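Note that subunit A is present in both complexes that follow, paired respectively with subunit B and with subunit C.
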Partner chain A sequence: MSTPSMPRSTKVMARLYVVAVLAFLFAPLVVVVLFSFHSAPRMSFPFEGFSLRWYDQVLHDQLVIDAMRRSAIAAVLTGLMTAVLGLTASLALVGARTRVRATTMVAAMVPLTFPTLLYAIGLAITYHFFGIGYSLRATIAGHVIVALPFVFLIIGASLDRFRFSLLEAAFDLGASPWLAFRKVTLPLILPAVLGATVLAMALSADEFVVAFFTAGQEKTLPLLLYARINQGLDPSLNAIGTILLVATTSLAWVSAARTSKENQ
Partner chain B sequence: MRISTRAVQLSPAAAYYIALFLIPLLLLAAYSFYSVESFEPVAKLTFHNYVEAATSDIYRGFYLRTLRVALVVAVLVTAISFPFAFVLNYLLPGRKHLLYFLVLVSLFGGYIVRVYAWRNIMGREGVINQTLIGTGVIDSPMTLFLNSEWAVVVALVNYLIPFGVLPIYAAMQNVPPTQIEAAQDLGGSRWRAATKVVLPLTSKGCVAAFAVSFIATSAEWVTPQLLGGTGDQLIGNQIQHQFGGGLNWPLGAALALTMVVLVVLLLSAAYLVIRRWLR
Partner chain C sequence: MKEPQRVNEPAMSADVPALELVGLSKNYGAAEAVRGIDLEVRAGEFFSLLGPSGCGKTTTLRMMAGFEVPTTGTIRMHGRDVTSMPASARPTNLVFQKYELFPHMTVFDNVAFGLRVKRVAKSDIAKRVGEMLEVTGVAELERRKAEQLSGGQQQRVALARALVNQPEVLLLDEPLSALDAKLRTRMQIELKEIQTRLGTTFVYVTHDQGEALMMSDRIGIMNAGLLEQVATPHEIYERPATPFVADFIGAMNSLKLVAGAIEEGVVVDRRGSGRVVVPAGVQPGQAVTAILRPERASLSGVTDGTHDSYLDGTVLHVVYGGATSNVMVSTEFGDITVSMVSAEQSRVVVAGEQVRVGWAADALRTVEAPVSSEAS
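Up next is the complex of A and B:
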């Protein structure tokens, strides 16, 4: 399938298709970002002019500030907890037999096969059952489960490329397990762990369903956006949406850049 | 010694999965057999919730509509994602990393923002209507976009395409280009190479794309609530209702688990049929 043999029309069609799908993917996001800067309260073309009035309004809204702070806390704590759990588990998986590793990975993926709604109501029931109130902490505990499969996926892919000969060489040269870990294992898997941590932060910041059922009154930014959508459309929602979007996509961007650089 | 170290290293993650994933699922299953007395779930075990989920005409309607919407969404996502991944991987090799990167980033950005955006675009006061009125194409807002099953399908397909592209693209990385060249050298067209060589070799990726979209749609409630009409609500809305205003958690749990069983049965049956067909 070499390029020169390809008819020009095929290539044009292929390009058009890719552009069309990408345009469809990003259209809703572009609309939100664009109208967040609209100087008029209308959400329609022709575009009248740029203004930061909606950002000004939103950033003086204490409820929005509180929700942003909670989302940031949730993202950071979810990232930290998944990093610790993912790192300790990956140490066990370094050098483990392929069968053991594959089984562990499959077990770690199980939450992905359940719809989030199912998990969210299960978690809500669990808190109710043990008399634990709904709160931001309750939501964060659930976000860790939502993010862990992705964390394992990234770390597992990194372990598949792990050069065990380096670890053996370190031991042959008389390194202690701790020294071998610090000098060989950690530098090799750290990029994947960091990439996974940032991804977990993006997932937490974007997560809606688990938060809806377990956050109680401590609303995160997606919950606040949802509550306001139900109150009626208002141009300031575009600004809230854009802030949320910039947070999640930039985190996802950083994570994808980290992990894809490592893949090459 | 080595094994015990390994067990210690695995135990934090394992304990976390048990406490915050396994136990919630087991309690969900247990609650689906509970009874309700004065709006509180009580541990009097009964099959009543499942009988209601299976026999009520209301819920049968919701299940059938949910399965239909999930099927339409999953077919569209797979049908759009396969050619997209194919073009990316085989026809635009120079740009594939950048384009794949864009898809990857859009995967993790803006679940609720997307639903909001579609409401904004398709609503009575939305971008399409306002722009058409403003430019004098129509006089009064059209209502055919929002509050319809199509709005729900468009928004879900839009949200799920990255989840479809990812597994198919990943599967294509394992297909050696020599196989496609061989097919073409033997006189096959590009289309035949795609359908006869790449499709069977990436069938696992396609099945994953289909299954992920189907499962995600089967439990969706935000999109139909914000974009569908009263007649377009899915079983997810009924489940959510039982945990909100309906105050019947055991029934909600039974409705959710019944949906999971239905989805697993249907997907397994479809998988067996497709595997036969691809042979």
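Up next is the complex of A and C:
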């Protein structure tokens, strides 16, 4: 953004602007991470020294460990289920008529614009009505529905770029439809499928509202965090937050790396 | 035409055509893409399906490959009915117009794909792929990714990928159309050499008449879903069976003649100062449409030629085209284009000049139906 023709003052201003935006974006995260290492049981300055005591405390807290395990299970299962559903739905749409395609794409977009809170309440009422009850499984089902549009759109976009005439080449060389899918279609759209899966996992690991209304006693990590906040703030919350942050950002990073690999 | 025996599988009888189409047609709704084709392609033959875009040649090829189901008709390969056989089971392989190499695979893996599907032993695969890459001249690219290749290289890999499966019939869908002119010419020669060497039956779809004339043992010319003529390149060029073939295969003049008196043993049509010898077999009084190739006509006093037929006219315009130039002359029989080798012209012709167009009587050929009046 700084070209040789720019005056020096403009360059400085531009840099300051970028720094300001980044600071605004990341300051809350920095605060959370920083105080997770605070040796004193306070979340305010002055900063008195580094310590891993909160991590030690959190990782020996059975409630936290259970919540982490549930969140991990939810993330993995949400990822797998949305990948399978998103891939099969996208593939089914390939041969469909334009109108069916357009309608389905709109239908897939609706949940993205619908307030999650209302959706979560609706889901809770539905579970109650059918006597399904509230549990981790109920939450995972909700996460699948929340994440599916993203996965569906990412894989669909990838399939739009896929040259289906390649499959004719595979058939011509003697491949069955299944073999052609495995050897040609899947390898070529795999980066998008993996990227979408990881994104779904990150969405699930981070999700609060649906979990709040459907998890019941099987609290996921964000729910536990919320409960602890109500009991009062201390740096152990920051330690939980930092663990969650590392998990989701690394997932998001892997997702971005996989998706961009396909575009190369 | 006498065909040398180049069948690669000795068990096959030479009498059974490698490919046989019987009453083949294909409709898309009300549109008839292919309207009943009968064709036999001999084993080891280089056969071209030539025609303008939309004539049904690609549809016909795709029916041979198994990508389109014929509405009616039968396809046989070496006597075996393959009409309802899926593409994957047919003894054919197709070289696609856009190559359709698998971009995520190396050249080797692309070429090995068909053999791996058929579970050929690993050592055999390595040997056969290596040999075929050698034949098509891309052995050194074995480890490259398909997406890193130039158009010409992709073309060669696509050819190797198809040929390595030793298809009974190799189908090629305008495989050279994406290459530049120079590379195309080189590939035409190479393709023909490879075909002669391997003795594989080639069915080659193209809209380029030059390409078809140069490479083919026989050509089938298609128009509006029908085969207009199936013959050797020489025959197609010299004796086009229909006005369409005559027009498509090259620039052509058409003359509407009325057979008049018999002079010196030949029937002539005299008009103004012109005298045209009517092709043999036409009775006095009959009207007939005849065609005349521009390069068979000449201008008196400008280029040499035997003229037992001649017409006087006015030069409309001269198109200089490097090695040859075309002169369009307005005559009593309509506009006639004369094509002359530039180097053989004794003088420059200009528009408005009075000239005499002449040709030898055997240059004129009759075709079944009236030729479209365009004498381009």
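What we mean here is this: the second predicted complex is superposed on the first by the 236 of 264 C-alpha atoms of A that agree within 3 Å, B and C clash if a C-alpha of one lies under 4 Å from a C-alpha of the other, contacts with A are read in each partner's own complex, and residues count from 1 in each chain.
The criterion applied here is as follows: a contact is a pair of C-beta atoms (placed from the backbone, for glycine too) under 8 Å apart; a residue touches a chain by one contact, two chains touch by 3 or more.
What you see is a predicted model; the values in this text were computed from it and never measured.
Engineer: Quick check for you: in the superposed arrangement, does A:L188 touch first (subunit B), second (subunit C), both or neither?
Structural biologist: Only subunit C is touched by A:L188; subunit B is not.
Engineer: Classify the contacts of A:L225 with the two partner chains as first (subunit B alone), second (subunit C alone), both, or neither.
Structural biologist: It touches subunit B, and subunit C stays clear.
Engineer: Mind working out whether A:L179 is in touch with subunit B, subunit C, both or neither, as first, second, both or neither?
Structural biologist: Second partner only.
Engineer: Subunit B or subunit C: which reaches more residues on subunit A?
Structural biologist: With both complexes superposed on chain A, more residues of subunit A are touched by B.
Engineer: Which holds for A:L166: it touches subunit B only (first), subunit C only (second), both, or neither?
Structural biologist: second
Engineer: Please work out whether A:R15 is in contact with subunit B alone, subunit C alone, both, or neither, and reply first, second, both or neither.
Structural biologist: first
Engineer: Of the partners subunit B and subunit C, which touch A:L123 in the superposed model: first, second, both, neither?
Structural biologist: Touch partner of A:L123: subunit B, not subunit C.
Engineer: Give the list of subunit C residues in touch with subunit A in this complex.
Structural biologist: It comes out as residues 65-67, 86-89, 92-94, 96, 98, 100-104, 113-114, 117-118, 161-162, 165.
Engineer: Which residues of subunit A touch subunit B once you look at their complex with the stated criterion?
Structural biologist: Residues of subunit A touching subunit B: 1-3, 6, 10-11, 14-15, 17-18, 21-22, 24-29, 31-32, 35, 42-46, 84-86, 88-89, 91-92, 96, 104, 107-108, 110-111, 113-119, 121-126, 128-129, 141-142, 144-145, 148, 199, 202-203, 206-209, 213, 222, 225-226, 229, 233, 237-238, 241, 244-245, 248-249, 251-253, 255-257, 260.
Engineer: Tell me, which parts of subunit B touch subunit A in their complex?
Structural biologist: 5-7, 9-10, 12-13, 16-17, 20-21, 23-25, 27-28, 31, 80, 83-84, 87-88, 90-93, 97, 99, 101-121, 123, 125-127, 129-131, 133-135, 158, 161-162, 177, 180-181, 184, 190, 193, 215-216, 218-222, 226, 236, 239-240, 243, 249, 252-253, 256-257, 260
Engineer: Mind pulling up the subunit A residues that touch subunit C in the complex?
Structural biologist: 163, 165-166, 168-176, 179, 183-184, 187-188
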